[in-house]
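One chain, chain A, links the two complexes that follow: it is found with chain B in the first and with chain C in the second.
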Partner chain A sequence: MTNPHWQTDVATRRIERRNAAERRFKLLGLGAIVLSLAFLALLLFIMLKNGLGGLDWDFLSGTDSTSPDVAGVWGATKGSLLTMLVTLLLSFPMGVLAAIYLEEFAPKNRWIDLVEVSINNLAAVPSIIFGLLGLAVFINTLDMPRSSPLVGGLTLALMTMPVIVISGRNAIKAVPPSIRDAALAVGASKVQTVFHHVLPLALPGILTGTIIGMARALGETAPLLMIGMRAFVVTPPGGVTDPSSVLPMQIFLWSDEIDTGFVQNTSAAIIVLLVFLLAMNGIAIYLRNKFEVRW
Partner chain B sequence: MNETKLTARNVDVFYGPKKAIDNVSIDIDNGIVTAFIGPSGCGKSTFLRSLNRMNDTIADARVTGEILLDGEDIYAASMDPVALRARVGMVFQKPNPFPKTIYENIAYGPRIHGLAENKADMDAVVESALTKAGLWEEVKDRLTDAGTALSGGQQQRLCIARAIAVSPEVILMDEPCSALDPIATAKIEELIDELKENYAIVIVTHSMQQAARVSQRTAFFHLGNLVEYGETSDIFTNPREEKTKDYITGRYG
Partner chain C sequence: MILTGVLLAVIGLGLVGWFAARGRARLLYSGRGSMHSMPNYHGWHMALWIIVPALIAWTAWSAIMPGLVDGVVMADPAAASLPADAMHRNAIMAEARTLAANPDAAAFNPEARTIAEPLRAATTRYGLIGALIIGIVAFAGGAFGFTRIRPDFRARTHVERAVLGLLLLASLMAILTTFGIVASLLFEAGMFFKDVSPIAFLTGTHWSPGNAIGTDIDDNFGAVPLFWGTIYIGAIIAMVVAIPLGLMSAIFLTQYASHRVRRWVKPILEILAGIPTVVYGYFAALTVAPIIRDFGATLGMANPSTESALAAGLVMGVMIIPFVSSMADDALAAVPRAMSDGSLALGATKSETIKKVLLPAALPGIVAGVMLAISRAIGETMIVVMAAGAAARLSANPFASMTTVTYQIVQMLTGDQEFNSPKTLSAFALGLVLFIVTLVLNIIALRVVKKFREAYD
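Let's look at the complex of A and B:
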C-alpha cells in the first residue's frame, strides 16, 4: 500500500518544483562554463588569426627590433627561461624546506603563528611591491646588474616562495599520520621519517603548487617593470647577468608600439607565451603522475 | 623463569593540563603476553605509547615517574628515543604499511639501523621476519608487490613482521585486531602466541575474550588508574576489585 501522503496534489507539485530547481541549477552551471570557455575560445581565435601569420622561424629566432618585420621573440623567450630558472632554483628548495620545517618541526607557539600569518600575507602582496623591493634591495643595495634575469628571478622567487610554502604545507598535512607513526616505531629519526616517507608522498602536491606559482611568475610583468626589464634589448642574454626582457614584457612593449606591424608580433608573442605555459603545465602533470603513490 | 622486562613506577601522563594516566606502577615480564583492558578513554593506549616514547611526538604530552627497560630509565637524557623504539617495537590499530613494496616494508628498519651488510643479508632478514610473522608462504612470490595491496589481515602481519625485522625486545600492540575480520584475528592471535617465546608482548585490546585467549597477565585500567593487575585467569574468574568484576561481566564499558 502506498502511503496516501505521496499521492496528494501538494506532494506532486512539490516534487515537480524540486525537479525544476535541479534542471535550473544544471543549466546555470552549464551556462557559466560555456560563457568562460567562450571567452577563452574568442581570445585564442583572435590571437591565432592575428598572430599565426607572423609565427615563423625568423620570428622565433630573432630579437627585438624597431622594425616589426625583423623583430623576433627569441631574446625575450631566453630571458624568460633564464628568469624562471633562477626563480625555480631559489623558490623551490626554500619553499619546500620552509614548509617541512613549519609542518613537522616547528614548535607550536606565537612566533610560529606570526611566521605563518606573514607567509600567508606575503602570498597576497601585490606583485608591484615585490618589484619595488627588488629594486631597492637587489639593485640599489646589493648592486646587482639592472634588467638582468638574475634580479628578475630573485624578485619573482620572493613572490613564488610563499605559494610553494602554502601548497607544500597542505600536501605535507595530507600525508596520513599513521605513516609517520609507522616510521618512528621502527626507530627512524624525525628527519628520516620526513625525508624517507612524508616528503615522497607529499611531492605530487608540492609540485602542483610549485607549477601554479611558477606559471604566475612567468606571466608577471609589473615587478619586472620596476627592475628595468622593460629595456629595449637587441642581443639575447648570454647569461643571467646580461640585460634582457621577458615574454610578457615583450608583449607589453609591442602592444604599445604605433607601427601596425607590431599587432601581429604582439599576438604571435602571446601564442609563444601560451605554448611556454602549456609546456610547463605538461611537465608538471607528467611529474605529478610519475611520483603519485596510490594506496 | 620469567624476568621483568619493563617496570613502571608512579607514572603519570598529562596531555596539557589533563591527566590521562594517574600514578600507574606495573612490572611487565619477558616471555609472556600482557593485556591492557578497560573501557574507551581509560588511558590504556596512552600508557602503552609512553612505553616506547611515542607520546614524544604529541606536542603537549608529558610523562612523569619512571619507566625502566632492563633497569634503564627510558626517559633519561642518556636514552635516545630513536634507539629505544628499535628495541620496543609497536604495531598499531589500523594496519599502516608504507606505500612501498612488501620487501621494502620489511627492509626499511634493518637498513636504517645497519642490520644487514649486503643484499644477501637483507634478503635473509626479510625472509626471517616474514616467516616469523607467518606471512612468508603467502607473499614469497610477490615481494615486489605493494604492501598496501595485501588484505587487511595480511597487512597487519606485514606490520608485525616489520616490527620484528629490527630485532626488538618488546612488542607493543595497540588493538591490533580491531580493524580485522574474525579469521584474520585468529591468525594474529596465533602469531602472538608463538612470538611470546622471544619477546615481551603487551597488547591493548577492547575485546575481553581476546585478552582471555592470548594473554597470561591482564591489567585493567579505568579512568587513568590501574585498577587491578594479575594472572589473566584470576582477573577473569576471580577479580579482587568490584570495578573489574563489573567491567568483565559487561555492566559497563
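Let's look at the complex of A and C:
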C-alpha cells in the first residue's frame, strides 16, 4: 500500500508543512469570525453596562428634557410608532401589489425592464438621498408639516418599498406553478388564481421581508435628519402631523449632549431600540420557520 | 376639515353600494350558470363606480379649493390692509389659516385676525360646495353601476381590469421615486451650479462654505477634500477591515464549519448588519475614538483629535462585515462543486483548493460584492457624522479628523440658513455626486454578478 517515495524525510517534511498551512488557514477563518463576534459582544456589553442602570419606568414613560434625570423615551417611541404606522400603511400595499404585477402579470418590454432596474437600484441608494428627496418634494414643494411623522413615514416608505417588492417577488416566485395550473384548470381567472391561491401561500415570505424592511426603517436616522426631525419635542405627538422625534434621532440628539448624565440615557435608549429590533427580527424568523413550506 | 369627512363618507357610501349591488345580484341569481359573474363581483363593480370617480373629484377639488378661497379672501374689504409684499402676505395668510382652524391660536400679525373670519367663511362655503359636487359624482357613479347589474353583465372582467390597473400603478411608483430623486437633485444642484462653477466644485481643494460670500465664492466650494475623506474612510479604511474579516468568515462558514455551527453563527453575524447605524456611531464616538486617540498619543502624535478617520472607518468596516461575508458566500456557492472536487482529488489540501481554485473562480462575484459594499460605505451617514469630524482636509493620516460628503450634506441642511443660499444648495450638489457614484457602482456590480452566474450555469 504505502508508496516508498512518501516515506522519505523530504516528503514527510513537505506534508507536515502543508498540513501546518492548512491548520493556519483554518485558524485564520475562525479568528475572523471570533473577532467579528467579539466586536458585537463588546458593543452590546458596553451599551448594557452604561444603560441598564437608567432603564426604569420613569425613563420609559418620560419625554425629552434638558435634564438627564427626568428625560425619557416615551415621546420618541410614540413618534417612532406613528412614523412606522405611516410607512407600513403605504409601503406594504404598494410593495405587495407591485411585486404581484412584476411577477405574475408584467409583459416583457422595455418599460418593465426600467421598473425592475429602478427597483434594484433604489434598494441600494444611500438612505440620505431619500432624505434629500423628502426635503425637496414633501417639505419644499408640497408644504407638508416639517418634522412630522407623516413626512418621515412617507420618506421611509419610499425607502422600504423596494425591499418589500424584492422579497415579495422572491416569495411569489417560490410558489410552484402547479398551484397556479390547478386553479386555472378548474376555471379560475388569472386574477382569482393570484389573489385566492398564490398570494396566501406567498404571504409568510412577504411578511418576513416586510418586517425586516420595517426594522431597517425603524433604525434609520439619516433621512429623518434631512427632513428636520431633530427638534426638541417635549410633548409626545398626538397625531401624524404634530412635530415629533423618533428613537434613533433621540439617541443622536442625546449623544451630542455635554452633560455626562446623558451617556446613561443614550445607552438606555439604545437598549430600548435594540429590544424593538430584536423583537421584530424574532417575529420574522418565527414566521419563516413556522409557515415556510418547502415544495 | 369638511373634505376629510367627505372622504370618509365616500368610502362609507362605497360600502353601502357594495352590499346593495351584491344583494341585487343575489336576487337575480336563479340557479347554476344563470349569471356570468358572482354577486361579490357585482358588489365590487358598483363600489368602484362610486369610489373612483368621487376620489378623482375629491383630488381635483382639494387642488383648486385653496386658490378659490384665497381669491375670495383677497377680494374681501378686510384684506385691503394686507401688505403688497408677497412673502409677508403669505406669512399672514398662513397664520390666518391656523386661526381659522383654531380661534385660540396665537397670532403675531394683527391683520391675520381680521381676515381669519372671512377666511373661515369662505373655507366653509367652498367646502360645502365641494362636498355637494363630490356627493353628486359619487351618486351618479353608483347609479350608473347599479343599472348595469344584469345576469349577463361581465362584472368580473371589469373588476379584474381595474385590479390590473391598480397593480400597474403600484409598480410604476418605483419609476416615479427614481424620477423624483433625479429631478429634485438635478433641479437643486442646477440652482447651486448657477452660483458656483461645476469645475471649481469638482476640482477645487478648499472647502469652507461658511466664508462663501461675494466674488470668491468658487474658491470656497472645492469638494475634493470631501471626496478624498469619503474614499479614505469608506473605500480604504473600512474595506481594509471588512474584506479580510468578511471573506475569511465566509470561507470558514462555508468550507470548514459544521452544519450546526453555521446555523447558529451566521444569524448572529447578521445581527451586526441589523444594528442601526446611529448605535455604531455612538459606539465609535464613545468607545473606539478615545482608544484610538490614546493610541495616537503613544505613537508620539502631537495632540491627536478625538474625532478621527480611523475610528469612523474601523466601525464602518465592522458594520459591513456581514454584507461582504454574505456576498462572498453567494459567490463561493456559485462555483461548481466539480472544480473543487477535482482539485481535492489531485491531492491538494482544503486550503490549497480554496486559495488556488475556489477564490480565483469566485473572484468576479467577490469583486462585485466588494463594490456593493463600497457603495454602501460611502453612503453611510451616521457613523461619520458622529465620529469623523468636520475638518475638510487632504491628508493620509488616519488619526486626523476628516470629513465626508454625507457629513457635509447633514451639516449644510441642519443649520438655520435660508433655503436658497449656495451653502444649503451645495448639499444637493453633493447628493447628486453621491447618487451618481453609488448608481454606477451598483449597476456595474449587478451586471458582473449576473454575468458571473451565467458563466457557471
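To be clear about the criterion, the second predicted complex is superposed on the first by the 248 of 295 C-alpha atoms of A that agree within 3 Å, B and C clash if a C-alpha of one lies under 4 Å from a C-alpha of the other, contacts with A are read in each partner's own complex, and residues count from 1 in each chain.
Heads up, the rule we're going with is that a residue touches a chain if its C-beta (ideal position, glycine included) is under 8 Å from a C-beta of that chain, and two chains touch if they have at least 3 such contacts.
The model shown is predicted, which means the values in this text are computed figures rather than measured ones.
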### Message
If we overlay the two complexes on their shared chain A, which of chain B and chain C does A:284 touch? Say first, second, both or neither.
### Response
neither
### Query
So, does A:101 touch the first partner chain B, the second partner chain C, both, or neither?
second
#### Entry: First, second, both or neither for A:214, with chain B first and chain C second
neither
### Message
Touch test for A:189: chain B only (first), chain C only (second), both, or neither?
### Response
both
### Task
Check the residue A:201 against both partner chains and state whether it touches chain B (first), chain C (second), both, or neither.
first
### Query
Given the touch rule stated above, what does A:272 touch, chain B (first), chain C (second), both, or neither?
neither
### Query
After lining up the shared chain so the two structures overlap, which partner does A:55 touch, if you call chain B first and chain C second: first, second, both or neither?
neither
### Task
Look at A:151 in the shared chain and tell me whether it touches chain B only, chain C only, both, or neither; answer first, second, both or neither.
neither
#### Entry: Comparing the two partners chain B and chain C, which touches a greater set of residues in chain A
C
### Task
For A:181, decide between first (touching chain B), second (touching chain C), both and neither.
first
### Message
If I apply the document's touch criterion, which positions on chain A are contacted by chain B in one structure and by chain C in the other?
### Response
189
### Touching residues on chain A, where the partner in the complex is chain C
18-19, 21-22, 24-26, 28-33, 35-37, 39-40, 42-43, 46-47, 50, 93-95, 97-98, 100-102, 105-106, 114-115, 118-122, 124-130, 132-133, 135-137, 140, 158, 161-162, 165, 189-191, 195, 215-216, 218-222, 225-226, 228, 230, 248, 251-252, 255, 263, 266-267, 270, 273-274, 277, 281, 285
### Task
Would you pull the chain A residues touching chain B in the complex into a rising list?
107-108, 176, 178-189, 192, 196-197, 201, 293-295
### Message
Help me check something: in the complex, which residues belonging to chain C touch chain A?
### Response
156, 160, 163-164, 166-175, 177-178, 180-181, 184-185, 187-188, 244-249, 251-253, 255-256, 265, 267-269, 271-272, 274-283, 285-287, 318, 321-322, 349-352, 354-355, 372, 375-376, 378-382, 385-386, 406, 409-410, 413-414, 419, 427-428, 431, 434-435, 438-439, 442-443, 446
### Task
Please give the residue numbers of chain B that touch chain A in the complex, ascending.
52, 54, 57, 59, 82-86, 89-92, 94, 96-99, 108-109, 112-113, 146, 148, 159, 162-163, 165-166
